[in-house]
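Look at the two complexes coming up: chain A is in both, with chain B in one and chain C in the other.
Entry: the complex of A and B
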């Protein structure tokens, strides 16, 4: 899906936990997530803390979309 | 008698489904689950002395730790062959089988074998590193996979010569093996040509490699003016799954309106995905599809706007062909709606 969105001319960022799969699939902008069943959350934290990490992941993703890339690039989230 | 160590996931290990996908690696004596079918196929030639069971999510999320623990277990057993799976089209399981086989082979020098479906991401990742038997896409193919894998496993464990992929049933791409065809090349080529002209099926001897890569697009110049859309393979749907998107091997995607939605709640959204523990997504679907955060950013002027529709399907066991077809369709809609960029989340 990532590839077809990009092929259609819309820049796309892939947020996922198992980044090697994303590399194999062919995403160009990749942001690592927290865990498979809750990529943008962490049930061990409070709802407010969870939202904070979710915001950081989304902010990193937006930065990734605004960054020129030369080939597949993983953008680490700074927590 | 040859000693074989078998690696399986929590599901085949009988521990449980997705709610147990975080299961830490454990080793048991003897054969478990599909191992009993392998044991029957090995007969008196080999025995499965131990089985390692590990949760798929645990492996995927803790690659280095999982590898270390499992290598330690394998080192203690010193098997003649390390067997993993078969994983069919289970993505995390296939990647785990490939990863651990690669580590056992490289670090311990023990022969390895796994099996999976050709579209499993683990196949593309590891096809050039080990023998991977080509299986069907679901456990229905177990009966077909076991004899093929067992036969090749015995040969590998004994250090025998391995024939070409077409003879042994593993995926081509690992080792080049010469063998004599019964018919010479000119005859085979003419046969193929005749079959092609008669529109009959034929198998090429030199499939063209599939380098399907899409070049990265230039970045979005001003995020604060961009219209951002959300897409997910994590199966987030309105509560009740109105379009009945399948829990696995999805045949469709959903398009849902989120105009005016500030937060995905337990009462309004859930996941239809059958390939991960749904507990966390069902309690708060923002954990998969971050509508809450993007709505706040929209209100704060950090992004231009959040597109009023999101697109969703379940990514587990879904054929690459289907997901590509879904995306071609909804990407055209996104383009028409003037979307500047997409955030795609996967579980």
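Entry: the complex of A and C
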């Protein structure tokens, strides 16, 4: 899906836990997620803390979308 | 460590009065076995049944398969840290009721338990169509949470296998096999010219009922570590899995790990079986990186010349597999990986979720998406209620004539990634 949307000329950020697979399949902008069963949350945290990490992931993703890249790039989230 | 396996051949299981092993028959008093498994208040009742090879019988939904064994001489007992005390196992003498198996049945997750057919095409895909199975179908207490149900069922199966195995403690085995594992220095002195081959076993540890236990330790909470290969024969590693039936390692697979037995068979002949590493398959990327780094580090420290890596499950564990392979190959150590494939029903899709050029020697257990038709069978132990939602099943897969169309993913052990099966494309 990432590749098809990009082929249509729209940049895509792939948020995923297993970034090596994202690299293998050819995503250009990759943002690491939390874990496979809970990519955008963490049941060990409070709701407020979860919202905070989610916000950071989304902000990092938006930043990544606006950043020109030469090749496949992983944008680390700063927690 | 030296372990003698004494195989007592079992050719029949009879439910009757006195529990004993005599002339190749395992006699079981269901009342006695019931008392063993109903110690757990989470289990309300249990139904026993015997399924034999060739019978028109389907067992589903299957959770685990366990071989009855007992420690006849030496330290420790079966399933250390879980059923027996945590004492180190893997030495002395272990008696095995060869040909018999305990099969636990229960709807825990529903879509992640499997099918064993005792006859027909499905039987060809599972090794447990060739064992005489004592099937235990449990009724849990009302409102029992899935994770507690899984635990109760897991422990009940192990208790039963251990208790049944005990019936063979004083029986003379029909065959004895000695597994003698040398220390690093002994091995090098004895076989200076043979390549030192190690085994890396990856254990399913994704949590949420996808777990494996080693001496009772939940493997997702462990760093990559080493184990003496003889320990696996005494139930040091047990399955706590409710993952896809075809490539979960049941406890029976662990007890009879064919990579271990085959490496022992060639030990001192054309290779030196120099050690076994166990690692996990966790759901955090950092865990995957750390565990595979640790695998490579242990391989380097042990000075292996070559390594066999077996996977469990599929999907994101493909990344753990490739990381292990890539990092070991980067040391200049050759690897062979054992995996299976999800290549689509026509077999043309990419087989693994992750790939790397260093994975250049691959053994496959087969394509889990392959579709087969299971005939209608006369008897069902358990319930067929889940055969459409089981992983490998699909909506309306039960045909008008009662046959069931499934991917082989739904069959217990069909694409086992230890290479347990005999079926081949040649």
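Please note the rule applied: the second predicted complex is superposed on the first by the 79 of 79 C-alpha atoms of A that agree within 3 Å, B and C clash if a C-alpha of one lies under 4 Å from a C-alpha of the other, contacts with A are read in each partner's own complex, and residues count from 1 in each chain.
In the analysis below, a residue touches a chain if its C-beta (ideal position, glycine included) is under 8 Å from a C-beta of that chain, and two chains touch if they have at least 3 such contacts.
Bear in mind that the values here come from a model prediction, so they are computed numbers and not experimental data.
Colleague: Should A:3 be classified as contacting the first partner (chain B), the second (chain C), both, or neither?
Modeller: The answer is first: A:3 touches chain B but not chain C.
Colleague: After lining up the shared chain so the two structures overlap, which partner does A:24 touch, if you call chain B first and chain C second: first, second, both or neither?
Modeller: Touch status of A:24: both partners.
Colleague: Does chain B (first) or chain C (second) touch A:37, or do both, or does neither?
Modeller: A:37: touches chain B and chain C.
Colleague: Identify the partner contact of A:11: answer first if only chain B is touched, second if only chain C is, both if each is, neither if none is.
Modeller: In the superposed model, A:11 contacts chain B only, not chain C.
Colleague: Which touches a greater number of chain A residues, chain B or chain C?
Modeller: Touched residues of chain A are more numerous for B.
Colleague: Please identify the positions on chain A that touch both chain B and chain C, taking each partner from its own complex.
Modeller: 17-18, 20-21, 24, 35-37
Colleague: Any idea which chain A residues touch chain C in the complex?
Modeller: 17-21, 24, 32, 34-37
Colleague: Which of the residues in chain A end up touching chain B in this complex?
Modeller: 1-18, 20-22, 24-29, 33, 35-41, 43, 47, 50-51, 54-55, 57-58, 61-62, 65-73
Colleague: Mind pulling up the chain B residues that touch chain A in the complex?
Modeller: 18, 21, 57, 60-61, 91-92, 95, 121, 124-125, 212-221, 223, 226, 228-229, 231, 233-234, 276-281, 283-284, 286-288, 290, 292-294, 296-297, 302-303, 313, 323-324, 326-328, 331-332, 334-335, 339-347
Colleague: Spell out the part of chain C that touches chain A in their complex, as residue ranges.
Modeller: 206-208, 283-285, 288, 316, 318-319, 322-323, 353-355
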